[in-house]
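To keep things clear, I will list the structure first and then write my remarks on it.
Per-chain residue numbering starts at 1, and chain names A, B, C, D, E and F are given in the order in which the chains are listed.
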Amino acid sequence: MLENSIFVLLALFLLLGSAGMVGFKQTLFSAISFMMAMLALAGMFALLDNSFLFLAQIMVSVGAVVVLSLLVIVSVNVKEENLPKEPAKFRWMLFAVVLVAPLAIVIYKALTYMPHTWAKTGEGYGSLKMMGMTLFKDWVLPFEIVSVLLLAAMVGAIVIARKEPSNDA
Amino acid sequence: MFEQLFLILPMAIVVMGAFVLLLLSKTFSLDKLNLVAVFFLSLSFIIEILRFGTTTVCYSFPEIFGKMYIIDDFSILFDLMFTAGAILTLLINTAYFKSRNYYNGEYFALILFSVFGMMILAHSNELVTAFIALEIASLSVFALVGYHKYNKVSSEAMMKYMILGSMTGAFFILGTAFIYGAVGSTNLEDIAAYVNVPAEKDLVLVLIGGIFIMVTILFKMGAVPFHSWVVDVYQGAPFPVTMFMASTFKIALFAIALRLSLIDFASLNIVWSEILQVITVLTLIGGSFLAITQKSIKRMLAGSSVVHSGYMLIAYSSIGLGSDMAAPAIMFYLISYFLSAAGAFGILSFIATGSKKMMTYEDFKGFSERRPYLSAMMAIFMLSLSGFPSTIGFLGKFYIFTSAIESGQILLAGLGIVTAFISVYYYFKLIAMMYFYPSTDQQKKFPFDFSGLLIGVMAMMVIWGGVGTSLIPFIPGANGLIDIAKQAIDSLQNVL
Amino acid sequence: MSMAAIIVAVLSFVLAALLALMMIPVLVWLERRGAGLMQDRLWPNRTNVGGFRLGGVVQSFADVVKLVMKEEYYPSHIKMGKWLYMLAPAITFAAALLAFMVIPFADNIVIDGESLRVQALPVEYGIFWYMAIGAIGVVGIVFGGWLSHNKYSLLGASRAGSQMLGYELPLGLTVVAMLITYNTIDFNAMVQWQSATVFGIFPAWGIVVQPLAAVIFIIAMFAETNRAPFSVAEGESEIVAGFMTEYTAMKFAMYFMGEYVAMNTASAVIITMFFGGYQLPWVSTGYLLENFAIFAAVMMPLLPIGVFYFIRWMRKNNRVRASVSSDGGRLFETKVFTIVLTIMTLIIEMLLIYLILLPSDALGTAIAVTIFQIAVFVVKLMLFNLFFILVRWTLPRFRYDQVQHLGWYYLLPLSLINIFVTALIVVGVS
Amino acid sequence: MDPILTYIIFLPMLTAALLGLTRASLPLLRLGTVLSSLLVFVLVMFVSMDFDPDGGMQFLRIVPWIAHYGITYYVGVDGLSLVLLILIAFLMPLLYLYMWKERRKGYWYNMMMLQTGVTGAVLSLDLILFYLFWETMLLPIFVMIGRYGNGMHQFNAMKIVLMTVLGSMSMLFSILYLGYDLFKQNGWWSFALSDLSMLQLNPQTTIWLAGGFLLAFAIKIPLVGFHTWMAPAYSSAPTPAVVILSAIMAKLGIYGLWRFGYGLFEQTLSYYAPFMMILAIIGLLYYAVHAIMEQNLRRMFAYSSGSHLSLIALGVFLTNVYAWGGSLYFIATHALSSAGIFIMIGLLYKRVKSVTIDELSGIASVAPRFAFFFVFFALSIAGLPGTGGFVAELLIIIGAFKVNVWIGVLTATTMLSSMLYIFWMLQRTIFGPPSMRTQIFVDLNSRELAMLIPIVLLLLITGIVPSLFIPLFEPYVTTALQDLMMTIGAK
Amino acid sequence: MEKKIKIVPRYGVSLKDKLYLPAIYEGLKITFKHLIDNVSDSNAIDVLEYPEEQPTDITERYRGLHRLTHREDDSVACVACFMCATACPSNCIFIEATERTDNVDEKMPKRFAIDTLECIFCGYCVEACPCDAIRMDTGIFSLTGKNREDFVMEKEQLLAHKGAFGEENSIARK
Amino acid sequence: MTPDHFFLLAILLFSIGLIGIVSRRNLFVVYMSIELMLSSVNLVLAIFSRLHGDMHGSVIALLLIAVIAAEAALFLAMIVHLYRLKRTLDSDAFRLLAQKDSK
């Protein structure tokens, strides 16, 4: 019962957050909505008995990604007049909803073919230990190349964002 | 242990090279960095070439990596193409890098990272690995596309590519999640085993997941409903990057597409081939339209690359309809496209080194008088791209169309031939521009250039691959190539 | 859940809340008084309640009253997002407070064979929790700074954000090295690990085992908490008060308190990871449990002596100068304290006698050990807070670029090297 | 397995490649070109010496090329191809002689490439190989017209390429389908003509497939309706290219019709024959009318050769021994005479920079030798008795009468109409008083004579003693016809 | 001639300097020593118990509250030339000029006010004054008031202030 | 709290992300929408992991979090760069390429 109400609450936050993220005009409000959604998502992971994912989500998605985004928002300090003028924003959204809705329904229909009961989870499901065991027993290669991915992204980001004198405009 | 290590050595060398380049990027000059990058790539290339055909299908470090990292002739052939493409890109553009001031050490590292991603993509026997590999390659390429930072066009191309590319990346992983949900594993062999024992209810999820994955792949190769970025990105990217994308990244996607369709979703192909047929038709027509309306050569080549994707999709949809030769045909076509497109883009960037022109058709007027050899090579590449016989491009198209006819897709083959006919227009237009008009510039002396020589070698290979070997014995020609392609595909199919 | 478990959980929660919240005025006082003493001057020392000044702590409470009573004032130029503007300090405060909740104040207490964590949140992933939740604090700062619509605030916010990002990395990497060493992420297990000795002589505290990691970690912690010498986000000398410029009254107090809570939390984490946590050196919990009688016996003479000296010190110092006519009730305060302290000492002495007579496996011993460890923890916490303050009043503030330079160019590589060396050693040892 | 045909095919191209890559100087280039063409001519002479008229395909050489699809390098020669082979080998040295003063190197390279292309197309017996050469010979023409032509040459070059490629693409599709059908029926791949001709095909499909081939050949000939590239291309192409176009490449269309059309789709072609005959007859008249009205000499002779080629195509579709023999004979003689006349026009253009009839007059009085050759070639085109053209045309007309009197009558009008426009043209250009342009007309020099006299001689010989040549291909015609009748009768 | 060269020792070169930690340790040691000393005997801290004890070390140069000087005839020495108001960096001097009818001078301030809440006590006005009409030698360092208006010193108040350091006469020097 | 509810939630998140990309022109919102899409995949993975009772899905989700971080880095760099170049976050302000072959 408690879990149900927590779920409803988190879901509410999640949806409100993501809707706000899409709907707000001000970038910073979008960002805080996004943060709210991410935190609620972390809560969802906790509800799914996945404590490690819960922490990782908070640590990376909120602690790193959102903070970095905020930092960028603050450091570029977008003026009100530099924000895109989107008078037809909600009309576009309606259009997008019409566009996306069939896709979503199809996916949902497909997903409901899944079994409807939660599996019995063993001892320590979602704990760091089990996570680590699985990660290093079955998923070493992706784990390794993710590091290369991060490095490549870092190099790319530095290259793009670095200011260099250039007369070759 | 060391045998296992040897199996992943080429990849390790490439990523090692990237690290070394990053470390050296501040101290070495561009030339030296270029050479270092080429050195690492060639090392990898040589190892792969020695290995081709001698390794049976195996997994590297099976006790650690599981069955994620597969090594077969198929992936080795792709590795060869990636490394060769990167080497050619770097060598041909040596002068270009020096002529522009926005290149620096990280550029080469990014190229190597990208190659690394593609290699993993070709080797990955597992969807998540494939996804991450795809992301490595894509992210590096995103950064490369925007490398000319203070050029607004380049930045804009990067923006478009990145937004659309990342979005479709989400589709890939969503598809993977669905497949994981249905199967409980993302290993291709497990999935294949699951799919081949059909239980109607559960396959829906696999099917939808597969479609999502396909959407991503089709997007990245620029098939028509998802083609909107191709021309812009190709135009916006700096010339060497365009060349790199055309000669490696496009190929990499077929690596995973072929592996998926041949191993994983083989029994679902029949469901998809109709979708694929529609997409193929759209791609052929839309791509032709894209290519024919352009004035800039770069954009024209970009548009035509969509058409070439369409040709390969013809064969790709034939795979599901029971054509044995379709997969080798794609492999062969990839080789042929690799040679011709890399050559064409190479010449473009080679020319662009000295000038800042847009490279429109008009700019090529009288080119044959200024640079007779280069224009001859360009003509060869154009002929090959248009599928003119006696070039490798013709054989590629021949295999494609034959496989289409073999699988009963007569109309598709007919459409392919029609688009090939249309392509003659825009390719020959360039030849006409080069040869039929007097030069507007005064004659210039051009010194002998290594890059030019390299392009020349590629042109020779295009001819050699097309003419084959009936006159000169002992040299494997077209036969050799198609045999190699067949061998690669066979090794792929032997997995099951 | 047994009754004991609930009681322990509730008590730990209360203790944590007390330690986090009640520490704020104490820390404010400590900072002011410490600053004064370090700079050869006095401290706010006239506020009193019926003559009781408690050495000036009352001033902090007076400040709290003042801040609460003050008019809530919104700058008129803040047009949008007032709710967020108001919420921002609370985010910072709440994050710092939540992060404190995973610190173990004592070893697991065994009641009826049930091992109970003396932790406000009885979870095992302590350090991750700290890093995850602690990082959110900066979000509040960034929001506040941006929404203030003030250049100084904006600069402060961006400085805080980038500094936090820059130092989160060495921090995390140091933690990785420590994880390799301790082989756990549980704070309590870390402390237990530290109860061993190195070469049989030194206590195996983190700072002894991993001195470099400790240094990096402490430096990074200073930066994370925006304390001097890394307090560029406030940077009074350049950007007025940074992100807090436009904040007044309780909203300001929230930021202010958040900072002290963060500092307190940082101290707690540092002592837990590097200074043996709630343990005395060379004394593990098991040893303490078995030989508590000896400890009590040792403490029995030590306690009166300490109290005696304290009273003497108080009598000597708690008086006004000749030039001041009224002593403001100081003599009375001294007298009362002397009596109270004496009585308390007597009670404790009696308790100690009782404990000596108890068998070592009795519940009372366990509770006493726990209380003892909590006391040790609090003392360590205070000492480390003092260290924070000491550093603040010793070192000048870095320039902003120096801060970034230090973080990215020195601490990051050093922490990477540290991981490498640690891994090598761990592999070599095992 | 005699490689002599291979040498014949690839000698010019190899020479071109060798000289081109070494950037040979112009004299060396000229020398190499002429030598190679002479060598080819000598080789062809050897071939025709050793040729056994009753032996069917000879000098075969089969080398596997693309093994998986059974594509082979498969060349051979029989009566039909020998005629064209000799023609090519004979004309090329003369053309080089014509180009002797040409300073643009690209000319020479392209001509050599062209020789390889046309020779290969004539000799190849594998369909893919044929397609290869069929496309390859297009490229030098494209460059020749586009680069060295005049007028709207760039546009016209594009036009000829696009139209021809359209045809060849459709042919390619048919080829691929045939190959696949063979595979489906027999389980092995082959694109050799001999294998494919044995295919049993669904008639409905065959119509489509044959259509693919016919489109390619019709564009090449060109039959009326597919001819829009012809006049522009002829008028803007340089002389050697025009010569090749009219004398050889157009004949290759006829050749293809024979070799591949009748070789693969005997039955289906009889389905198409009425349409084609109607097209050919319309072409006959249409081109003749155009030729009469035309002011530009090049275009006039372009239409004239179109008219004659329609006649040949008609002959091919008439399917009797006279018509076929006549057509084959006409291929040879018309090639010679059209080569001659276009060379003459080229010489004329060199001298007066104009090929418009109105601007010319009275050449005979200024340059009698030139006038003689011009008149001779023009009359031989018109089918003057005593030249080969007369014999051939007569044969075809006889064949037409054998089929249908009305067709015969219509066919016979070609002789009249050609006489009409030739004589009218001659009267206006050669005779009469010299005009402004022709007053300083320089007569033929010895080099030009040397290149023209062999053509004249050959034309005369073919006209006066046709029996000298007819045995070369007559067995081919009879056997081919017998085969045809048998297959049609069998079904 | 011997050149005078002063050799400045360079710091921050040796490894010890570069490590910074020893230096920090030294600093901490000093601070800590002070802390301990002062804790053990806080009465030894040399401080002034301010409200009870007043500062005794205010010198002549100390810039206290302003005052306006007089002429010999006790009229205001200021000629309302606005120099001080112009020089003032914080714009705290407000002058309203009026004509002077007693033939001593041409102009005099009708109103001369200094907002001491704005004032930063820089002394520029004193420097700027051409006729020594304004001085800051009152030695008043502590101003108290219950509202803002109390801190605006009007002409009368300013004239009433006395100099604290010997120069008791408030006659402006010529 | 059945799996269906979770699935519905995940799909809604994915759709909202998609809608954001389609309808908004603010680059930042587009970027966050993409992140949201990827995160919703994370949720799907976690649900499946829970349904299967193994940790594979969770591990994939963990890897995906790393991928999200990598993409975030590149995206933010790009946004900063574009903002520097154009002083706007409007994705429609970048339409140089839409003009066909201007030169």
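Keep in mind that, in the parts below, a contact is a pair of C-beta atoms (placed from the backbone, for glycine too) under 8 Å apart; a residue touches a chain by one contact, two chains touch by 3 or more.
Since the model is a prediction, treat every value here as computed from it, not as a measurement.
The minimum number of touch steps linking chain C to chain D comes to 3.
In the absence of chain C, chains linked through touching fall into A, B, D, F | E. Common neighbours of chain B and chain D: there are none.
Counting C-beta pairs in contact, the chain pair with the largest number is A-F. Seen from the C-alpha centroid of chain A, the farthest chain centroid is that of D. Compared with chain B, the chain whose C-alpha mean position is the greatest distance off is E.
A separation of 113 Å divides the Cα centre of chain D from that of chain E.
Centroids of chain E and chain F (each the mean of its C-alpha atoms) stand 62 Å apart. The centroid of the Cα atoms in chain A and the matching centroid in chain C are 33 Å apart. Shared interface positions of chain E, i.e. residues touching 2 or more other chains, are not present.
Looking at chain C, no residue sits in touch with two or more other chains. Pairwise chain contacts in this structure: A-B, A-C, A-F, B-D, B-F, C-E. On the chain F side of its complex with chain A, the touching residues are 1-9, 11-20, 22-26, 28-29, 31-33, 35-36, 39, 42-43, 46-56, 58-63, 65-74, 76-81, 83-84, 87-93. Touching chain F in their complex are the following residues of chain B: 128, 131-132, 135, 139, 142-143, 146, 149-150, 152-153, 155-160, 162-163, 166-167, 169-170, 173-174, 176-178, 180-181, 184-186, 231-232, 235-236, 293-296, 299, 358, 360. Chain contact summary for the complex, chain C toward chain E: residues 34, 37-42, 215, 313, 316-317, 319-321, 323-325, 390-391, 393-395. For chain C in complex with chain A, the residues that touch the partner chain are 80-81, 84, 123-125, 128-129, 131-133, 135-136, 138-139, 142-143, 145-147, 154, 157-158, 161-162, 164-165, 168, 185.
Of all the residues in chain E, the ones that touch chain C in their complex are 21, 24, 27-28, 30-32, 34-35, 38-43, 45-47, 49, 52-53.
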